[in-house]
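Labels A, B, C and D are assigned to the chains in the order they are written; within every chain, residues are numbered from 1.
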Amino acid sequence: MLLIDTLLLVLLLWLGFKITFTKDHFNAIIHFIVFGMILALAWVRLGAFDLALAEIALGAGITGALLLDTITFLKKIGREDA
Amino acid sequence: MFNNLIPALIITPALFAILGFLFSKRAAFFGIAFGLIFFSESLLLLYGVATKSPWAYHFGGWQAPLGIAFAPLRFGSSILGVSAFVMLLTFIYARFSLQESQRALFYPLSTFLALGLVVVYLSQDIFTIYVGLEIIGLCAVGLSALQKSPKALHASLVYLFSTLVASGFYLLGVVIIYAKYGLLNISALIPVIQEELPTLVAFGFMVVAFLLKTAVFPLSFWLANAHANAPTPVSALLSALVIKATFYLMYLFAATLFIFEYELSYFLAFLGVGAIFYGGIKAYLSSDLKLLIAYSTISQVGYLLLIFAFIDEHTDPSMAFNAMAFALFSHTLAKSGFFLAAGVVVHIAQTKEISALQGYASITPVSVFAIALSAVSLIGLPPSLGFVSKWYYLQSAYLSESWFFLFAIIGGGILSAAYLFKLLILFLEHPLEEGHLLRREKSHTTLEWTAFTLSFLSVFLAFFSNSIIAFMG
Amino acid sequence: MRNKTFHSLLYFLAFWLFVGLSFILTNINTLDSSMHTKLFEAMPHSGVTHEVTAVLLNFRALDTLLEVGVILLSLIAIHALEPNFRYTPLSFENTITNTFVAILFPLIALYAFYILYSGSYQSGGAFSASALLAGGIIILRLVKPRSFFVPKELILRFLYVSGLFYFVCVGMISLFFGSFLEYRDYIASFYIISIESVLMLSLGAILSAYFINAVQRVKP
Amino acid sequence: MLFIITGVALFVLGLLGVIVHKEFLRKLISLNVFTSGIFLIFVSTTTREDIADPIVIALVLTGLVVTLGASAFAMMLIRAYAKESIKESDNV
């Protein structure tokens, strides 16, 4: 169990680093979506199944879709730096 | 009967926001109707607070540690009453000053703002306060984004991120307190809370959150642009009501929950002094009328924070409390009146440049008179609410022999006199000719008189200062 | 250059914030939570058997009401931005995805209802269900953007506000019998299920409107 | 305990991201990491014997939904800002 926890948390931290320090915006968004899913697994490990469901659906799903749509829009009008 | 006032104060904003959003063509009607009902409800609440012994309302009938309790305190409900009054007048003003498309969303958003204010001023539950803060923050940013220039939108984005980070800090404070004590209710926390490292860290995070949201000097970078670029009634709401809510929370937590460290409280007071001078100098240097008013807000927030210099047991705390309360009321009324009157001048002149506003006293005498009355209260000349506040501050500074703060208060007054008189002299000299009168519209009379009412009250209420002090206990 | 020193100072501060905060938080010794014991005492009167749902919709229902308010409020604030950003939206339209969605969407909707009703005895509830529903609508919108059916603006607005409106109405009805949002035992499970159903529909509409409004906005 | 440290790390990383990045979209993503860190701290500091506190779960659920509303609004504000600044640079 400790092994799974450690793996999960190291993965979370690595994703957090990637999200913060990567140069490419699109890359950051993809990492953020994966981050949401791994976080949902962490909620499962903590026994918070409601949160896992909500995190997958709201955090990764809707926020991720909105972020992708926003970056598409910004790329289309050429204002990625906004 | 008074017991059901608290759910009524929640129901009314929620219902009217829904109505205003649904029937957007009649948004102004629902907004003004809401303003009237809300104001009368908050007056009833004030009456109830004054006549009844303190009571708590338990939502869902679940007692405090588990359920959510609201308790009207004297100070909180009186700020709520003043806020409701300012809101009513601003709603009337907005009916005549905003375009129809802006009105359709101004009223639902500011009605939600009223909901957030009710939660913050009455709630006893620190997590509910978090949700209330989020409501207030989102409403404020949404309102300031009603003006769609790149500058205004950029300012609202900076504002949004500041307020969201501040909410996160506040939430972290709540998290640490819950992890330590397993409680969320303020009155349940008071007996168990102890001076320990985690608690102090939690308080630190909360204080930073409040400082950021109240725009106290080093963290006030977001305020000036956001307030100056918003539509006029929005600026009035933002600077009169929104920042007061978080200041009230800071005072409430300091007075009830926080275990007080004198060093920390002096630190806050020094920040206040910094704010007074930074805001004053920036206001003096700015060439944009609305920016000047916004910087003057930063400066006036400093006076609110001065209370933390006099909160220890060496001085009479009630005197400093009166000073702070009057500073708050005077700023709420004077600043909203100032913004609304300046809005009329800017609308007629079609420019915000101060140098272009020479001689406008002959065209909008009532607005300029309103600005002058506001200036009297902001500088602290007698007889005005601002004077009462400064008088109490000076007394407590003198009695506790803290000469630094004494000079800071006097110097701040001189500084605000400098920039406000500069403005007033400009308005009064070289009267413009009659030709400019053509730009006046019929609706401007209503606008002017709503602004005048607010500014006038900020001076006139000083004659009732004794009864206000008696009410606050 | 100044920027660089600022950044290194920032990283330095962040590191010590991390160290200090983790030290404090890992050494926290909790007092017994009286909220926790009160919760289990009150559970039999809550009308549901799942504790989280009981807290959300009965013990601390006001928080949930305000939170629904926040969701509606952010939709209104989005309207204030006049979001008709006209551009070719993301779409993945082809025969395979079309067929896939024709099967998938009813399943998603069905699953959302299952999640909703299972919320009273296990994990689940209105928020997850509404997010699922909204996800379904968003997928539908991504795959079939042209055949996408949008009702009239006024009807949509009724749908958006229905969640908060119903919640407030329940509160007002309960005022006649006790406090705001007071319901116990038998009647509670009825109220909770009905509030959750209305919330699911209206929140689902709002969440998908976040996505769809940005692309196509129907004039009233 | 490991979860707490991860939560704090995410909190600090997100805060750094919000301050360092100039682009508002990146600020927003970092803000979401920041709040996720706070929620992770919230749940993990109150978990006893592998059972999470139901009150905390309810509160965090509320927080999640509030954050979603705020970030949806933030994204639309970013789009509006990008659109308006393009318009202005076209006019100049």
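Things worth noting here:
Criterion: a contact is a pair of C-beta atoms (placed from the backbone, for glycine too) under 8 Å apart; a residue touches a chain by one contact, two chains touch by 3 or more.
Keep in mind that this is a model prediction, so the values were computed, not measured.
With chains reduced to the mean position of their C-alpha atoms, the one farthest from chain B is A. Inter-chain centre distance (chain A to chain B, centres taken as mean C-alpha positions): 38 Å. Chain centres here are Cα averages; for chain B and chain D they lie 27 Å apart. We define each chain's centre as the mean of its Cα atoms; on that basis chain A and chain D are separated by 11 Å.
Between chain C and chain D, the centres computed from C-alpha atoms are 16 Å apart.
Within chain C, contacts with two or more other chains are made by residues 21, 25, 28, 30, 33, 35-36, 39, 52, 60, 63, 67, 70, 73-74, 77, 81-82, 85, 127, 207, 210, 214.
Among all residues of chain A, those that touch two or more other chains are 50, 54, 58, 62, 66, 73, 77.
In chain B, the positions touching at least two other chains are 127, 131, 134, 138, 141-142, 145, 148, 176, 179, 182. Every pair of chains that touch is listed here: A-C, A-D, B-C, B-D, C-D.
Residue ranges of chain B in contact with chain C, taken from their complex: 4, 6-7, 10-11, 14-15, 17-18, 21-22, 24, 57-63, 65-68, 101, 105, 108-109, 112, 115, 119, 127-128, 131-132, 134-135, 138-139, 141-143, 145-146, 148, 176, 179-184, 188, 192, 197-198, 201. Looking at the complex, you find that chain C touches chain B at residues 21, 24-25, 28, 30-36, 38-39, 42, 58-63, 65-67, 69-70, 72-74, 76-77, 79-82, 154, 157-158, 160-161, 164-165, 168, 171-172, 175, 178-184, 220.
Put simply, chain A touches chain C in their complex at residues 49-50, 52-54, 57-58, 61-62, 65-66, 68-69, 72-73, 76-77. Those residues of chain D whose C-beta lies close enough to touch chain A in the complex are 2-3, 6, 9-10, 13-14, 16-17, 20, 22-26, 28-30, 32-33, 36, 39-40, 43-44, 47, 50-52, 57, 60-61, 64-65, 68, 71-72, 75, 78-79, 81-83, 85-86. Looking at the complex, you find that chain A touches chain D at residues 5-6, 9, 12-13, 16-17, 19-20, 25, 28-29, 32, 35, 39, 42-43, 46-48, 50-51, 54-55, 58-59, 62-63, 66-67, 70-71, 73-74, 77-82.
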